[in-house]
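Pasting the structures in now, so scroll down.
Presented sequentially are two complexes of chain A, the first with chain B as partner and the second with chain C.
What follows is the complex of A and B.
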């Protein structure tokens, strides 16, 4: 039985997973996810796909907002850039999908340099509003560059075929999303425990102190922007493929807010939080629908007529309630439960 | 030349509406240090209430105006008391996110309570056309510019001379010291929310008067952002003027460069301005103590 946290070397302090049970449960979760496409029907499978895609995007935003503390209200801009980069490269110029995915990462990363550079002097809310401005500008740029992006008509996207494996079926596409989401999770966890990740967190906690300790603020902030945009762009490409159609309307501004909501509900600055938050936020509307339909068929009818509105109101309410009562998010709640479980009846 | 003047005047008119909403932003920022992302939605609710009053109670200008102002005050107070007051003392980021959540709720509530179709607010005036030197201007447009200028003067005097205005500035500068001086910070916050709601609401009603009332109106809030940023978040007067500037820029860009540019001209402008002055044109530089 585990009787405490005994860390004797630096290696143990930064280890990815520090206890065997966590390894075990992670493996179980992975196996469950691998088995899922065969066990779920196509309706539930679509939720799994959305969750995996959203996790990727949320992890991307988490690097910028969660780790580095730079609030971005314009992440949908990177999402849409990534989706368009993929669509243009693959559907229009018939490049292999892998090149498309690379482009979906690199193009938003370059765009993030453009928005990141002027943002280096800005702090807090001014930065948030600059990123907001960026996301509106990028939409207009896409609509105006008709020769490349078909303007408002959008671009059709097929499910890809990589190394001869077709990802056409829902199950196969889920595996693709799973692979990318898992890779992203590993990447962000590893970034967090490296020198770079520690620099990000130092900047978030106190940028003046970080600078005094020899962290190049400009370089690391830009690096956070680039990494975050790269990951978000890939998520955008996946979302575009999922929708099978890329257009500016497919990526409304609300997605930026949804992404921030996910981070807050999950717990800001934690990869686990991003995952938990995504699961909650994606399943929330469906869960409410189920609860409503349990009560009465008539309420179910009201729900379908005002569904979109109720769904958004619920978003707002959940964000507010979490900020009010559980500011550390689901991760915080999980830590509290764990502590209570281990130490009960003592407080600590 | 006439085209240019026409663009300038309609730019001033829409800019005055942005300016009013931007002043709403600035009043809240100045006394609480928050950016209220629900400003556009609050503006929209006030406009919708004004419309409801005009269709159900009476189309009389004074009835609508007084009703709308009372509703705006109430809305500001309710939001402050129920949503913002519990967040007192929490980090700024959390509190700002609360206003985003609030924005989402209010926006859906409007679709839920009213409907998704555009309406025209008709109170029997504001749509007439006056000819000024050969250029047709709607009376509503003239009225909104006049209102903005009047409010600018009134607010300047309020912050400069009235005891309450000085108290608000004191809370903004240092809430703890203000508390020690016997100022009730919570009351000042409540007052700021009510005032901001009213100022922005006036902008919203004027917008509904000159254009249409529709659920897409919350975008006014997004459009007024650049105005506030341009003027400086903590500069109430600067925000008002920033609105005029954004309105003119937008209209000129729309008139000469195409409608796509009209949408983003304001945003492009703030990025450029913030690169030069990261705290807005009229904003105060934030000096950080280490």
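What follows is the complex of A and C.
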């Protein structure tokens, strides 16, 4: 009888999925996600699209902040760069959408190289401030390069058609978002269990010890930064397509804070945490509205006509509650539940 | 095994709750009610615009309901806040269409938000009247189900600059604009008149959205010797500019644009705002039509809402009147197709707050007549200029 979660071989230790029930439930989740676009109405489906796009972006940030322990307050800068790269390539220069997605990854990655090369020698708050400055600078650059970006007028973006498959409908676009989010999840999980991923975690846990072990801190930090920016840029392209209109105004600074909130609430350093954090943060205002609407129509009206103020308050409250009562985030809570489930009625 | 079955049952129950019922054709109508939906910025700084527009919709709806509703059906107004966040506008519109199942849409946030939400509106086919986003993309090319009441920013600014240029021939000009879509439109309109009338522009500035301090900009304006000034800010920016000019002891002939033409702005400007010119397509509250509108509105809204009335209330009111009239003309069983057809037939509809509104086959923009008005700091109000 299985009495614990023991790993006996190196292969078991690095396995992505380590038990048949997890395989089963992963398959059920995948099937549910495939069926969702045909079962949900357009409004509910919009939440699924936002969740999948945000998961992609949060997984990108998780490589930098969760795995490597570097704080970025300016990731919205890479998001907007990715969105513009896609919009310029596809809408303005009529390139194929796949080239657009490649550009949406490469352009922010190059930008991160330029920002990261000097600034990654800084740590903690200094790096956070540098990335924050980047997010403001990139907005000004976009607004000033009117010949390329249309400046403040923004660029219209159509839903793509790839290999003859149109992603014009919400259902089809959800599948595209799902495919990219799933690919990103697999990529980040694989990075985490590779030599590079272990180097990231070593830097996060103790950079002096990592250096003693022969890890080139600057090179690995830069690699984490570039990878993170690449993935965030792809998420930016998806977000731009979702909005159908790319402008600087569509990417407010608050998105950077929301992304950090997702990682904190989900559980820093875990891909599963980034997914769970995204689901909670995206659905929290709607779930709260639904709960309160059960009690009175007046409360429902307060939520619908003051939604944005209440949303900001809810985010703040949730972050405080998690930091105080569940610092390991949702993934920590999930592990506790899983342990209780497996061992019940025994305590250990 | 039992644990996994229990978890599966829980999952299926949750899924069942999340799945909505199938969409019926032309929703939003019962035997007693017609639902009209709207998404506006009701929180954050742009709430000044969104709340006022929603009050305009409420006034028109209350007026129609007091008269018995639309062919016996009362109108129910479904309002959603987007906080001026584009992603939330898209979700808000989807919510009122798919979950609240409204019959028609009205209003819809700002210009960027309306552009982003256009594919959703087009795909749904719901009759829509937009009243707060005067950008050409919304009506060029014309969309079957989307109608726009108002005037373009570009036409507005051309009208204002032509007026000021004719009134102040041979003077030196100064201009400052915001670094966004609004600012670019103002600048493009200004530049087109500068070329046509060969105006002597001695100062041309650009400020970052959200800028508070205009001391150096206004000092540069003073040193340039500009005698006519186009203040391209919206609300707080124009107030700060006028206060700064007052401090510097200069009073150029100043023009502002309609997004900032609201009475609380004049109050905050104080004497510095006296005599500034503005362009708009809605009636000033100090005029006969404006006073009549306020009289009409008073019994129909709460005291707090009455205090929140500004020019956007008039734009909202006019658009709602046009939509309600179109649905009403469809008789006892209105449909989307009929409402769209009737909106297209809208011809010289009088709303009392702007020039008569008309659309037509392939014409989805009402192209409202513009007028110049001047600020009176004592009242404080804007008065029409003959």
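Quick note on the criterion: the second predicted complex is superposed on the first by the 338 of 348 C-alpha atoms of A that agree within 3 Å, B and C clash if a C-alpha of one lies under 4 Å from a C-alpha of the other, contacts with A are read in each partner's own complex, and residues count from 1 in each chain.
Here is the rule we use: a contact is a pair of C-beta atoms (placed from the backbone, for glycine too) under 8 Å apart; a residue touches a chain by one contact, two chains touch by 3 or more.
As the structure is a computational prediction, the values presented were derived from the model and not from experiment.
In the superposed pair of complexes, A:148 makes contact with neither chain B nor chain C.
Contacts of A:250 after superposition: chain C is touched, whereas chain B is not reached. Legend: residue contacts after superposition of the two complexes on their common chain; A:283 is shown touching neither chain B nor chain C. When the shared chain is aligned, chain B comes close enough to touch A:324, but chain C does not.
Of the two partner chains placed by superposition, A:172 touches none, neither chain B nor chain C. With both structures placed on the common chain, the touch criterion links A:242 to chain C but leaves chain B unconnected. In the superposition on chain A, A:217 makes contact with neither chain B nor chain C. Of the two partner chains, both chain B and chain C are touched by A:309.
Overlap of the chain B and chain C contact sets on chain A: residues 143, 306, 308-309, 311. Contact residues of chain A toward chain B in the complex are 71, 118, 121-126, 128-130, 132-134, 136-137, 140, 143-144, 208, 254, 257, 260-261, 264, 306, 308-313, 315-320, 323-324, 327. The touching residues of chain C, counted against chain A in their complex, run 3-4, 7-8, 11, 15, 18-20, 23, 42-44, 79-83, 85-88, 90-91, 94-95, 97-99, 112, 115-116, 118-120, 137, 179-184.
Across the complex, chain A meets chain C through its residues 21, 24-25, 28, 32, 39-44, 46-47, 50, 143, 151-154, 156, 239, 242-245, 247-250, 252, 304-309, 311, 341.
If you check the complex, the residues on chain B that touch chain A are 35, 83, 86-87, 90, 92-98, 100-109, 111-112, 222, 225-226, 229, 233, 260-261, 263-264, 267-268, 270-271, 274-275, 278-279, 286, 288, 290.
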